[in-house]
Structures are given as C-alpha cells and as structure tokens.
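Note that the chains take the letters A, B, C and D in the order they are written out, and that residue 1 is the start of every chain.
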Amino acid sequence: MDLSYTPQQDAFRAEVRAWLRAHVPAHPLPSFDTREGFEAHRRWERELNQGGYAMVPWPVEYGGRGADLLEWLIFEEEYYAAGAPKRVNQNGIFLLGPTIMEYGTREQKTRFLPRMAASDEIWAQGWSEPNAGSDMANIQATAVRDSGDYVINGQKTWASRGAFADWLFGMFRTDPNTERHRGLTFILVPLSLPGVTVRPIDQLDGLPGFAEVFLDDVRVPVENRLGGEGQGWQVAMATAGFERGLMLRSPARFQETARRLIALYRAHRESADSAIADIAVDCWSQAEAYALETYRTVSRLLGGAKIGSEASLNKIFWSELDLRMHETALRILEERGQLLPEASAAGDVGTWLDGYLFALSGPIYAGTNEIQRNIIAERILGMPR
Amino acid sequence: MKFDFSDDQKLLQQTVRDFLAGECAPDAVRALWSTETGRSRALWKQLAEVGLVGLLVPDSHEGMGLSEVDFVLLCEEVGRAALAEPVIATAAVGAPLVAELGGDLAARWLKPLAVGEAIVAVGHPVSPFVDDAHVADLLLLERDGELHAVAPGSARLTAQPHTDPARRIAAVEFDPRSETCVASGAQARHLLDSALDRGALAAAAQLIGVCDRLVALAVAYTTQRVQFGVPIGSFQAVKHALADVKVKLEYARPLVYRAADSVARGIAQRSVHVSMAKVAAAEAAQRGARAALQAHGAIGYTWEQDVHIWMRRAWSLDQMWGIQRFHRARMAAFALAPDAPLGAGRTFI
Amino acid sequence: MDLSYTPQQDAFRAEVRAWLRAHVPAHPLPSFDTREGFEAHRRWERELNQGGYAMVPWPVEYGGRGADLLEWLIFEEEYYAAGAPKRVNQNGIFLLGPTIMEYGTREQKTRFLPRMAASDEIWAQGWSEPNAGSDMANIQATAVRDSGDYVINGQKTWASRGAFADWLFGMFRTDPNTERHRGLTFILVPLSLPGVTVRPIDQLDGLPGFAEVFLDDVRVPVENRLGGEGQGWQVAMATAGFERGLMLRSPARFQETARRLIALYRAHRESADSAIADIAVDCWSQAEAYALETYRTVSRLLGGAKIGSEASLNKIFWSELDLRMHETALRILEERGQLLPEASAAGDVGTWLDGYLFALSGPIYAGTNEIQRNIIAERILGMPR
Amino acid sequence: MKFDFSDDQKLLQQTVRDFLAGECAPDAVRALWSTETGRSRALWKQLAEVGLVGLLVPDSHEGMGLSEVDFVLLCEEVGRAALAEPVIATAAVGAPLVAELGGDLAARWLKPLAVGEAIVAVGHPVSPFVDDAHVADLLLLERDGELHAVAPGSARLTAQPHTDPARRIAAVEFDPRSETCVASGAQARHLLDSALDRGALAAAAQLIGVCDRLVALAVAYTTQRVQFGVPIGSFQAVKHALADVKVKLEYARPLVYRAADSVARGIAQRSVHVSMAKVAAAEAAQRGARAALQAHGAIGYTWEQDVHIWMRRAWSLDQMWGIQRFHRARMAAFALAPDAPLGAGRTFI
C-alpha cells in the first residue's frame, strides 16, 4: 500500500491546475441544454483541445495524452476544483471515442476521431427506446441492409444531448428473426440526414436535456457500422463498461459538492438545525469513501484485475449520496432553496436547486437503482434469479 | 366519540372532487402555469359557487358558516387536483382573519371575499414571502407584531419565481402607518396564531391529497408500463416503495383530521396538533414525490409528464405556513416540557 | 366528528384505573417465558378474572363485560398506563375465545370458555410449520379420521407460549388430496397427550418464548374440531382477523413506550445528541397517530364499515415505530444500553434492551413486513401480482 | 500510489481465515459463551503462533514488527469468525502501548504478550468499562490523565454482563499511586490517543468482517429456504435489502483500509480517518445485522440459529473504542473547522 503520488503525478497536477487557472471562464457558461449554451460549451471544448486537455485519457496517437486512470483522476480533481464547465462532448470523448479505437476500422478512426476531438461533431447517446428502458435488450428499431446502406426505422428516446448534437450512436436490430441481445448492430447516425426527426424533450428544469429521435427510412452507409453486424451488444457493453463509467463519475464532482455543502452549513450554522451538521459531515465522509474506493479500484485495474458488476455498487452509492447532499443543502436554505436562480431573494443559492433537480435523475439514468440492486444481488452476492 | 366525517361532509368532498376533476385537470393546471398571474378569477368565482371559498365565512356575510372540520376534506381535494388558486391565502386564512378583525374591514371585505369577488393575501412572520399577493385586493401584513391592512397599490411587490410554477410568491415591502394598523399587542398575536394554525392545517390537508394523487399516478403508470414482459408494478421493489408511502400517508391522515377538529373547537393544544399534522403530511408527500418519480423512471423526469405537477406541489406546500423545522420545534416545546401530558389515555383529554 | 368520551366511558375508565391501582403488582413479575413467570402470570390472570377484568370484550353471557371496542381501548390505555403485567392468556382470551364463540358448538363453549376464563387452560398458537411460515397455506401436518378421533401427525413451530401452555390450536390437513388453503381443519390439541413432544425454543433473550411441537400419532376426539372439516382456513382467518389483531396491538403500548422514551431523553438531555430530541418527539407524534388511527378505525367499525387489508398498514406502522423507539432509547443510553439488567452499572435501563429484542420480532411475526407490503400493494393499491 | 494490499498481506489474511474457520467455528464460539471467562488461553496461544497476537510487537521482543496495514485484514477475519479473544485489548492496543511505554514494563511484559503467554487490558477514558480485564495479567488504566500499570490483584473488578455473551467487560476500580504511574501529561495524552486510534481501527476492521459474514449468512439462508415454491432469496425485497448492505459495506471498507495506512504512517489526520472508518463500518454492520435477521425470519429470532452471534458482535463492536457519537464529533471538529482541507484533490494530501 502506497497512498502517495509520484513526483510526475504531482507535476501533472500542477500543470493542469495552472492551465485551468488561466483558462476557466470567470462566469459560468449558460446551460448546455440551450442552443446558446451548447455552442458556448463547444467553444470551451475547443479551448480545452487547443490546450491539450480535451482528450486526456486518449492515446497520444489520437491526439490525447495517454493518461492512465490515476492521471485521469488527478485531472478530474483539478477540473472540478477549478469549477470548470460541464463536458458537452463527453458522449464522444469518453464513451464512443474509446469504442471506436477498440472496434473501429482504420477509416473510421480517421473519419471520426479528429472531428470528435475538435468538437466539430458532438454526439448524442441513443441507448433507449420507448419499450427498451430498464429492459435495454428489447430494442425494436431496425436497420435493413440495402446494398451499401442500412435503412433505419424506429425511435430512440432519452437521447442525452440529442436536442443539439450532430450525430447519434445506438443499436439497431439488423436481423429481424432475433430477440433481445442477439441480432443487434451498433450504427453511427448523422442527425442531419433526411428522415431523422429530433424532438427535444424538456426535463424537470424545463430545458431539453434529452430528445426523442424518430428515424424514418434513414439511409446510412454500411461504413457507419461499428463492429460486425450482429455484434452490437458486445460493442455497447464496451461503450457502457466500467472504465468508461468511472470516467464519467469521477469522485471529484461529489467531493466538490460535499465541500460546498459544508461551506453552506458553516454559513448558516447559527440558524441551521443542529442535526444537519452530522448529516453534512457524514456526506463529506461518504464522498471521501467514494474517492478512496475509486483509487482502490484503479489500483486494482492497473494491477491487472477485472472489474464488472462492482459498477452497480458504485452507481447506487454516488447517486444516493448526490441526492442526499442536495436535499441537505435545500434543508439548510429553507424557503430560499426552492427559488429559481433569477429570484431576487435567491442570491447565490439557485445552483443548489438546479443541482437537486439533476441529482433526482441519478437513481434513474444509466440503469435505474432498482436494476443495479438486482445486479448486486444476483451477480455479486449470487442470489437466485 | 366518533372519529369520522358525516355523510354531508363526505358528500361535499365528493362534489368538490368531481368539480375539480372537470375544471382543474392537469391541462388546466399547465395552462395557468404559463399565464402571468397563474390565477383565474373565473375559476375562483366558480370555486366560490361550489362553496370552497366562503366555507369558513359566517353566513351573515354570505359565507357558509362551517368549520375547519368541514373544510379539511375539501383542502385534500384541492391538493389532489393541484389547484393553485388562493385557497389557503383567502379561503383558509384571509377571510376568517377578516371576520375575526370585524368592524369596518369585515363590513367592507367579507362578503366580496366569501363570494369570490375579492382576494386577500396574508403576510405572516412564519414566512419571508407572501403567497398570492400579486392577485390580492387586500393585503394583511404583519410588521413588528402589528397587523396592517394595506391596499395592494401602496405595497411594493417583488415576485420571487419558484420551482413550483403554481406557487406565486412575492417579497412585500410597505410603509406601516397608524391608519393601516388593524390589530396590535395581544390581539394581533392571537390573530396571527390563529392564521398560522388555519394556514398550516390547510397546507397539511392539501399535502394529503397531493400524496394520494402521487401514489395513484405511480400505481397507474407501473400497472400499464411493461418491461421484461411484465408490468413493472409487479416487481416487489416498485410495490414496496409505494406501499411504504401508503403507510406514511394513512398515518398522517388521522393527525390532519384531528388537527381540524382541534382548530374548529379551539382546544388548547390545537397548535401542537396542527404541527404534528403538517410534519406528518409533509413527510408523507415528500416520500410520495420521490417514490412516484422513481417509479416513473425517465418519463417522470420530463416536463411533459404530469407527475412533477404534484411533486412540485409537495415541495412548495411543505414550506407554506411553516417549514418542518418550525413545526418540529413547536412539537418539541410541547412534548419535552416537564408536565407534558404524554402516554396512554391522554390523546383526547 | 366528536372526539370526546361519554360520561359512561369516563366512569368506566375511572373504575378500571381504581381497580388497577389497587391490584397491579408493585414489582414486575418474572418473564412469562420462564416456568416460574408463567405461573405468576397465570395467577395474575386469575386475579384479573376475579376482578372482572380478564375478558373485558367478551359478552356478558360468557363472563365478560360485553365491552365494545372503544371501551376496550380505554381499558387498554389504563392497563398500560398502570404498568400491569403482560397477558399470558392472550392467545385464549383474544384469539381463540371469540373464535369458539363464533364457530364452536354449545358443548365446546361449555367445555372450553370457562376454563379459559379461569386460566386453567392456557393456549399456544400453532400457525406455523417448518415449511409454512410466510407461506402459511403450505401446511403439511395431517389429521386422519379414525372413527371418533383424529390421528394427528406432523410438526408445528414458533408456537408462542408453547413451552408452558396446556393446549394448542392449529390447522391440520384432513384431506390428503388437497393443496394450500383447501382441505384444512382447525383442531384443538391438549399438549399433555401421548405422542406430543414439546421442544421449547429459546429466543434472542435466551428464554423459550416459543416452541416446536411434534405430533406423533396423537389422537384427539372429533369433538376437538372447531368448525367443519375442511373449513379450517375460514376459522383461522376469523381468529387472525382484524379486530383480534387490534386487541393485541392496541395503541396504549406504543404510547407508553413513547412516553418513557421522552422521559429517558429528558433525563439525559445534557449528554444526549441533539438530533435525538427530534427523533423522540417524532416517535411520540407517531404513537399519537397510531392511537388516532385506531380510534378512527374503531369509529368506522362501529359505524358498520368492514376493515380488511388495512391491517397490513397497521402492522408495518407499529412494528417500525416500536423498533425505532427502542433503537433511539439504546442510543441515548450509550454504553449502558447493551448491559443485561443484572449488571450493576445497568441501573434501571435494562428493560429497554429487553424491549429492543422484543421489538426486533415485530417486523417478523404475524406475517413479515415484506408480506404485508405485498398485501398493501396488491390489495389496497391494486398493483399487479 | 497503490491502494491495495500486497500478496504477502493477502496470504497472511487467508492463513488466519483458514485457521479461524477450523478453530473458531460457531460451535466453538458458543462453547466459550458458556464458560466463566469466555476466553481460552489455549486458543490464545494458538493465535499467537499464527502471528495474530504479536504482529504489532517489535521483532526485538519476539513480535513480528509489522504494521497496522498488515494487521487490518486479520482483524477483518477476527470479525468474520466472531472470535472473542482479547485481540483488541492485547494485540491491537495493549501490546503496542507497552512497547511505546518501553523501559522495565516493556522488558517485563512485551515478550510474554507477543507469544500469547500474557494478556493486557486497557482502561481508556473513551469507555466506562474495560474489556477483558477479567483475564488480564496486566492492567493499564487511565486516571485523571495519567496512565497506571496495575496488577489485576490490586484492582477491583465488577463484571458487567452484556447482551453479547462474547463481550466480557468490567467496571474497574483501583488506587492510583505514584509507583503505578507509568506516564503522565503530554506523554500520557499521546499514548492514550494512539491507543484509541488502534483500538477503534481494530474494531472497525472487525465490523467489516462481521458485516461480510452477516451478508453471507443471509444469502446462504435465503438461497436454500423455499416458500411459495421458490427460494425466498429470489424475491426482490430480500435481494434489495441485502444489496443495500453490500453497498454500505463496500464503501466502508476503503475508509478502514485508508485509516490503517494513516495510523501505520502516523500521519496528522489519522484520528479523523479512524473515526470515519469506525462510523462507516459500524453503520454497515448495524444495517447488516437488521437485514440478516429479517431475511432469516422467525428462525433468525432463535438462540440456536447462528445469525445472532454476529448480530451481537455488530452491536458490541459498535460501542468498543468509542461510540458513533464520539467519532462523529471528531469528524465534525475536523470537517467544520474554517481551514479544513476539503474538496477534490485533497484526499491524500
């Protein structure tokens, strides 16, 4: 056991910190779930890319830094500590990009990765369909081979970033005689094509954080297939796999929320309910536990271990913690906690309400917590199905 | 000893429920969200005709002269429908307060209030904001322990946009003058206490209705939504989460009904009973909101699905007429006193 | 709505209070899960009976007071407020007795009720079998008709009071070609008969609160059958029905626990965690809610309403409340909370630990809370099976 | 940066696990419950041979000279086996304390302690009682900030029977004299702080093992117990309750392992890290105890079923070396300080 950083890691941290200090916008960008905010975040992604920080974990050959998971954690710590913008390009850089590196042809790598890195093409996720939510294998959208094209029909939903994104990735049923996990193919679809209708869906904050995508005889060339025909589930599992999830839910976010919660409590300690102190401190300790467990997992991964269903433990822990922290903050804020940011009496408290609305999605997206509990019980504890 | 409502009371509840099912369906709620005031004078007039508005106003002033026991079931229906008109501000609190103030104020305002032609909003020290001040014809505002009757034109309102689009609140500034003062000292304290009890009771009863509706929405959705070849409502995880809400709800209910009786009869412990009711109803509704959202999954997370109408009502009513912390403190002051009448056999004594 | 007592009810309360004040033992009796304590409690039951308070809700013709449910609640309030002993005879008086009145023949009433009233025969419950716990209909013990007798074979378990009781009631399969609820018969079995082996089972407190009862060719006369052959499930449902449950779990018990909890907090308020005050007060409020809901239910019953699955709401509420109150008390007591009553440092705190152990059984017995949640979801909320 | 144990450390853990599976099976635990001391000198000697007892004792005194990082996994095994010997009193706390005191005391006691021939018990102000004093050959007792070495014969022990038959504690009275005083002032404070950190860390690690075992027992039972024609472990309500415990457990674990490293390295925040570990492990074990009992149903409520062996360990270890409230207060004092190093990137700095 060695819980200290190498000089190289310390140097990397210092370098990241210095760059962020010089570049992070002084004022928060508008939400990337607005057209204006989306483009502002695209510009930020480009700035990151120019600084060499857009694709930190990508291999050097693709323009990344070849950072290992530990360096990634360090980068994220500095990124969140600096209060830098949310990553509008994360579907591409952290989910699809590594999958293209693993499953893509040389042509696909050349075609997609540079434009992804430059944020010229921003990606939407297309995992769900109206009848394939928790039951993700129940996909019904079809892709029928017609000479050099796939002709796609069907509907995707809850496509995050779908309202303003340029491309969508998802699974389609290429073999009509199959069911569930078999006969699915992973295909990349430009959202600008004829036959594509994007219907933005407003979320609880009133902004279109996801979209329905209707596909009506949409023709994409076979070259847009990632992996083999019928191999879609396998490609998807790589995309949604543990390491990718770890990149999206690095502990830094929750540690910063915990820090802000403690600061909020301290600012209100005269008026706040004394039981709140215990809760805030407990949240901080849990955020630390999450960070420690992440480092432990990364150590094991770097040591060659395989991580699978443990991701379900992870999902439940961070989503419940995030919700609890925001609930606690709203309790501290009392009547002001429910005001919209533009209310004159809201002062600077409005971000907690936004954060709470976002936290409410935690136990739902990326596999509901109910599904995760099933996985823990059946695959980790070995209980009967 | 009969802890139940009369047939007449249940009938009136059913009438209001039917009326609101027709006039205050989710589409109507959403339509009002997007108007400037979020309120409808026409709907308010209709509510007065059903009897909701003037129920607590003496019949000498065109009211129904009924009690909080009659009113509480109607408030439940208001919550069930997510009706956002000034039911609490005017019907539950403002009109009875005007009646208690009496004199010229009552002569001038009570009848128009009872028949739905005027709206009164009340600024109470329990909250930094005033609900429905933006549509009020009369403001009753506390300042330094005095109660002032203020014309809307002579107060400065700053609207405070709220996460519940149905809740319309404002920070209200005004210049208290001796002419505006309508009560002070012990009388004002007493009136403010009564206002708080009625307001919190009405909010608690609405929360019961809100929670009931949230459970109903979740049951309906999970019964028809199929995943893995079965309705998701057949999964124990979904069932048990909603069953737990139902338990909370059904044990908040008697506290609310008892509080209504205590307020109506003016018994000494009415404020504690109101606080017990408000806390229990708020907890049930918060649990209901979480469980209903989770049961709906991603679709519940959208603006277009209706579940958040009641989720936001649960949040905002929780803070109306005293946040939980305020009410818990009142409960603690009572129950932790050295001579508190606790234990078996003291419930009704 | 009329939340006040009649003068007659007030007078009844005063009368009960006076009698209890004069008769309740000054020192707690030893646990009725010991032989000595069992007999001490039997003597107390006889004293109650001589005072006319053993069978308060029984009709006058059977030696009771013909008390309605409201009077029963009043009696219970006084009984708990007086700190009177637990009722060792409750299986008889509150469960089996009324069932005999409903289903018994004249001879059975004459045979069983007076001896029950006099506590000459104390009853054990025999609901469960090793393979019929939550799945109560899965009964396998058989009763085979042989001229004027039933010959009983099988095993009952978790028979409460079984270690020292005189008789046992339970269901037996009289028709071997049936399954589940059908073909069961309700039979009364003397535990003194040849072929009966009682194996007391120690509970978490180390005392035999229940027993396994092995039945090996036990012969009981057909006259011991309550209700018709094959009618056992119906008789059992009456025995375990709502009103009986209400008699066993009257609110007074929980209100007294709440009162003691608040007193305990007050005694330790200097040292206790401030969050505890909120919890204790909340428990008190919940105990009041339970009392109020019971009065409301009784009002509706007296008004002619039928109460069914609501009993499941009731079960979850009191069992969770009881556990929470005892957990809170143990938190207040810190290190002393886990000492056995005989520890010199325990002082008078030992009853909270005993109460906690008992409270732990609440979510398990009389239908686990998991089963109750199923019932609420399916029968009250109407969710799909 | 490597947050993982070495192969050697894991191997030693496996050795101790195998040893305890053989020598400390549930029947052996129960057999010791009913003896007067509840302890076995023979078993203790064997434990010393496996390396458990003298692990933290310098090798100059026949110990293994290893660290808390090596020790923590073994404590986990002690919890998993519900072993009740004085592992905390002597191996985790007492022997290292004697080593730190040094001098004649160490010369006299350290070797017999390391090889399992002597037992030391420690009376610390964090608890009103002393664990394992009844079998101790040496008592180290705090009084008014001083540390005294007392022979058992000159102290008055009053055994305090406990709901966990494996826990043997006593109220201890003695007459402090200048000859018995072995440390005072800043030195005593420092030693007492170290003792507390080691004791609480060892208890936390045991709680991890206890919780793990409780989950394993519940999984095993619900997998074989059939009701309604299926194993009850196939019901979502049972699955999810145990899954929730598993989450708590797996996020308590890294706090415990980190605390071990912090104590071993003597870093400034070690006491806070220990408190975080103790609270999280205790919470996980309490949840585990409730869930495991409930999963077992009536059979779990019996004395003869084994689940309560670990349930009682969860209860008693929760109170050893600081109740949750004590540790939460230490955490709060750290995290709520104006200059507390919170937020991303501060975990290891």
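Here is the rule we go by: a residue touches a chain if its C-beta (ideal position, glycine included) is under 8 Å from a C-beta of that chain, and two chains touch if they have at least 3 such contacts.
Note that the structure is predicted; figures quoted are calculated from it, not measured.
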Contact-pair overlap exceeding half with A-B, pair selected from A-D, B-C or C-D: C-D
Between the pairs A-D and C-D, the one where more C-beta pairs touch: A-D
Between subunit B and subunit D, centroid-to-centroid distance (C-alpha), Å: 52
Inter-chain centre distance, subunit C versus subunit D - centres from mean C-alpha coordinates, in Å: 40
Two or more partner chains touched - positions in subunit A: 278, 370, 373
Multi-chain contact residues (two or more partners), subunit B: 235-238, 240
Subunit D-facing residues of subunit B, complex: 235-237, 240
Residues on subunit D engaged by subunit A in the complex (per definition of touch): 1-6, 69, 215, 219, 222-223, 230-231, 233-234, 236, 238-240, 242-244, 246-247, 250-255, 257-258, 261, 276, 279-280, 328, 331-332, 335-336, 338, 340, 342-348
Contact set on subunit A toward subunit B in their complex: 128, 131, 133-135, 138, 157-158, 201-204, 206, 210, 273, 331, 334-336, 338-340, 342-346, 353, 357, 360-361, 363-365, 368-370, 373
Complex interface listing, subunit C residues touching subunit B: 1-6, 9, 13, 70, 74, 76-78, 80-81, 251-253, 255-256, 258-259, 262, 265-266, 269, 277-278, 280-282, 284-286, 288-293, 295-296, 298-300, 303, 310, 313, 316-317, 370, 372-374, 376-378, 380-385
Residues of subunit B touching subunit A in the complex: 127-129, 158-164, 171, 226-228, 232, 235, 237-238, 293-294, 297-298, 300-304, 308, 315-316, 319, 323, 325
